[in-house]
Amino acid sequence: MHDWTGYRIDQLAARFGLEARGDATHVIRGVAPLAQAAGTDLAFLANPRYTGDLTRTRAGVVVLRAEHAAASPVPVLVAPDPYLAYARIAALFDTAPAAAPGIHATAVIADGARIDATASIGPGCTVDGTAVIAAAAVLDAHCVIGPHCTVGAHARLGANVTLVTRVVLGQRVLIHPGAVLGADGFGLARDQAGWVKVPQLGGVRIGNDCEIGANTTIDRGALEDTVLEDDVRLDNQIQIAHNVHIGAHSALAGCAAVAGSARIGCNCLIGGGAGVLGHLEVADGVTITAMSLVTHSIHQPGVYSSGAPLEDNRAWRRNAARMRHLDQMAQRIAALEKQLAALAKDRT
Amino acid sequence: MHDWTGYRIDQLAARFGLEARGDATHVIRGVAPLAQAAGTDLAFLANPRYTGDLTRTRAGVVVLRAEHAAASPVPVLVAPDPYLAYARIAALFDTAPAAAPGIHATAVIADGARIDATASIGPGCTVDGTAVIAAAAVLDAHCVIGPHCTVGAHARLGANVTLVTRVVLGQRVLIHPGAVLGADGFGLARDQAGWVKVPQLGGVRIGNDCEIGANTTIDRGALEDTVLEDDVRLDNQIQIAHNVHIGAHSALAGCAAVAGSARIGCNCLIGGGAGVLGHLEVADGVTITAMSLVTHSIHQPGVYSSGAPLEDNRAWRRNAARMRHLDQMAQRIAALEKQLAALAKDRT
Amino acid sequence: MHDWTGYRIDQLAARFGLEARGDATHVIRGVAPLAQAAGTDLAFLANPRYTGDLTRTRAGVVVLRAEHAAASPVPVLVAPDPYLAYARIAALFDTAPAAAPGIHATAVIADGARIDATASIGPGCTVDGTAVIAAAAVLDAHCVIGPHCTVGAHARLGANVTLVTRVVLGQRVLIHPGAVLGADGFGLARDQAGWVKVPQLGGVRIGNDCEIGANTTIDRGALEDTVLEDDVRLDNQIQIAHNVHIGAHSALAGCAAVAGSARIGCNCLIGGGAGVLGHLEVADGVTITAMSLVTHSIHQPGVYSSGAPLEDNRAWRRNAARMRHLDQMAQRIAALEKQLAALAKDRT
């Protein structure tokens, strides 16, 4: 869809370890969807539901699994995981301009802040005197870096990201605009007069290569830190409460929420809008489907769900009304079984 | 509730095509709820649950349907849709001051940015050199307008709105504070070592007259654009994932979320906290009730719901425990039916 | 976990009205969890699930209930509510530095704004000419204070907080970064051509001692105000729609949402991700569990829930499919009961 410096198909094959079939001397200058791609574009087929688009594609080359190669009207690059291969190739065509090192004139940097000379600090950013910004880190406009925060090397923060207090980011962390890390956890005790705030004194530790979505919030721990291990991926508008611990390579989709002190394993997938109650443990390799609520610890890998199916509203009303009598229905079934058994016995 | 320049009731009737009954020479200077309105206020009755307030109102005039006119102790303006008529009249009394054209001294405008002379750019805004700000557009404080973004004529952006990359806004678009448009979609491929980010290269296109709520997020497409057609209305804290397409005049209530590549028709109403899974299609004219999850495509207009009804927690616990045995219960009912049929047959 | 000025155990006992047991001359310099605490730390035991940590603790002193005192290997402070006692003691060790009074050079203050000399206005803040900032209020970087807004004495606003229009904050209100108060409510009327915006003319009133989480949104009322009474506590990413009224001492956990004109009583607890539909009333003392949806008014205090339990996905699919036939199942049970009664009667 754009026009960049090009790569020949055989160059792409060699660079990414893929098998080229068809005329491999053609030059690729961009990436595009199968249905829209022009002759200088690379496209991919991963989801079989788009196989129809393949037969009609005008792409310059298509990345696909061997089983789909014969159906392609254009040259192909065969890959065991076309989406993964595409992800790597597409990075060549990502035009995001590199940020210039240096501190913008409108940024407000407190005395004592340690900012690497290769870091880029955007307009209006404020950096506390106890903060550290490592090499090649990039802060877009209006980021606020509070006390005892560290931004790791090559980390990138979108506009309006706030690191409140005691937030430590690993290397190559990517945070999208509006995210807030290190705000107070929601800790309250109760006396006769009302709520008493429980001081939140811990921090947030984010491992290397984590990605954090727009307007997502990650609270500081009450005493210990809230922790994301390496390569955790959070989508937009996620809420991570104080003292949560998320294992490496777990990914959470938009609007998911994890309550205080819950511990989620490695390689978990949490669906959009799903919730995990506080103080629970979720084992490695667990998948939670969208909008499910985890109400007890999960000790075995697998896929877990809750919720009722979508229905036409009239049918739903009839069925939902019966949910209120489910226990009674079960008792009535048991009574029927007992009576029927008595009848049957009686008859013999 | 406030004091502005006034309008005579007969002037309002003529201007908005309504029928006045009672003394129509009275002057109206503001709008207020039925129960609080004073003699210079206009009030309205749309929801019959507030009919009691009508009989006791001290408003200067009430906008209502003909069927309620006789019950009013004060002059009325008869309208087939009183809420709609009220909406139009109340706009006369909206006191939001017009923003002064020009660029605030603290804004940071990159060379090359095209900003219309009638636009208003607030304190601390940053505008990329490839961005366009059209006539009479208003940016409140600290907005960030990134590469290849366009703000249409008469669009208004609240404070701290971020347009990240390739975001094109139509005319008269209204965006409330903290919204983030054009951040990367959540695209991940997996290799042995962990997640590989899929470059997000598309944009966001917002049609004319759309409204976007506070802290709502709309991601840029992976390759193609994420699209809101004209007159789409999004409440606060909504999440729209990459490549979503929403048809004209659809409205989504607070905290709704739409997953990647879902396609929602025109004139749909999506309730608060509802979710739509990725790659689904929702037909025109579909209503989804609050906190429902759309798990399959919907091809017919109508009202759809999921979820279980609210109950006292003790009753809920008993009933919810039975949900885990619903399939077994159904099988037990089938077995009972079979046994009973055999018994009955046997007896004859 | 940190090193501050210390307090002797007997000093803490006297100051907070607690009973000390064991060597009370020891000096405490910080707070830490039972399992990590060192000899100069105070720890607490509130949740019995951590009793195992008590027997192995190396804390300098533990705050606990009398029943657990004998199990402690170290000195204790006996409290009827250890979490409440801990909350008060821990405040002694909260190191958040006090903000310096004054207006940062980069703040943009409009003529007419009334800002107390003891208030602290951070970098990049903008304050409208009709706004009032009271004594000892603190605004962190980039806060935006719009028309007719008042920030009460000793209130603290985190970075990037926006008060849009007609927002009045009581004393000691604490707002975390990214929250937006006073944006337009979601009011729409419909005509043939599309949506007509209903002007939002009311404000937001926040009582004393309220706390509002990061990226939470509270809309202004349509005509009257949206109201939080004193000591209401909102976690992160909560959505409060126009004209909502929340009674004193109620607390809402992360991602909860309350639709327009709903009225929530005093001392309510709303769980994470829970929703309340519009125009409903919820009595004082009601608890709603996480991710429940309140679909009707609640007139009695108590605990209320909705939702289906989490299951292994395969079992869930089988059971969820039956939910669509629940009404039919109930009818089949009734038919069985009738047939069986006829059979039994027949037999006698």
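Going by the order they are written in, the chains are A, B and C; count residues from 1 in each one.
Definition applied: contacts are C-beta pairs under 8 Å (C-beta built on N, C-alpha and C of every residue); 3 or more make two chains touch, one makes a residue touch a chain.
Model, not experiment: these values are computed from the prediction.
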item: Same or different residue numbers at the chain A/chain B copy interface, by half rule; value: different
item: Chain B on chain C, rotation in degrees - Cα superposition, rounded to nearest 5; value: 120
item: Centroid spacing, where centroids are CA-atom means, of chain A and chain B in whole angstrom; value: 25
item: Multi-chain contact sites of chain A, meaning residues that touch two or more partners; value: 106, 124, 142, 160, 178, 215, 237, 255, 273, 307-309, 311, 321, 323, 325-326, 329, 333, 336, 340, 343
item: Of all residues in chain C, those that touch chain A in their complex; value: 1-2, 31-33, 36, 47, 49, 81, 83-84, 86-88, 90-91, 93-97, 104, 106, 122-124, 140-142, 158-160, 174, 176-178, 209, 211, 213-215, 230-231, 233, 235-237, 248-249, 251, 253-255, 272-273, 290-291, 307-314, 316-317, 320-321, 323-327, 329-330, 333, 336-337, 340, 343-344, 347
item: Touching residues on chain C, where the partner in the complex is chain B; value: 106, 108, 124, 126, 142, 144, 146-147, 160, 162, 164-165, 178, 180, 183-184, 186-191, 194-199, 201, 215, 217, 219, 223-224, 237, 239, 241, 255, 257, 259, 273, 275, 277, 279, 287, 289, 291-296, 302-309, 311, 315, 318-319, 321-323, 325-326, 329, 332-333, 336, 339-340, 343, 346
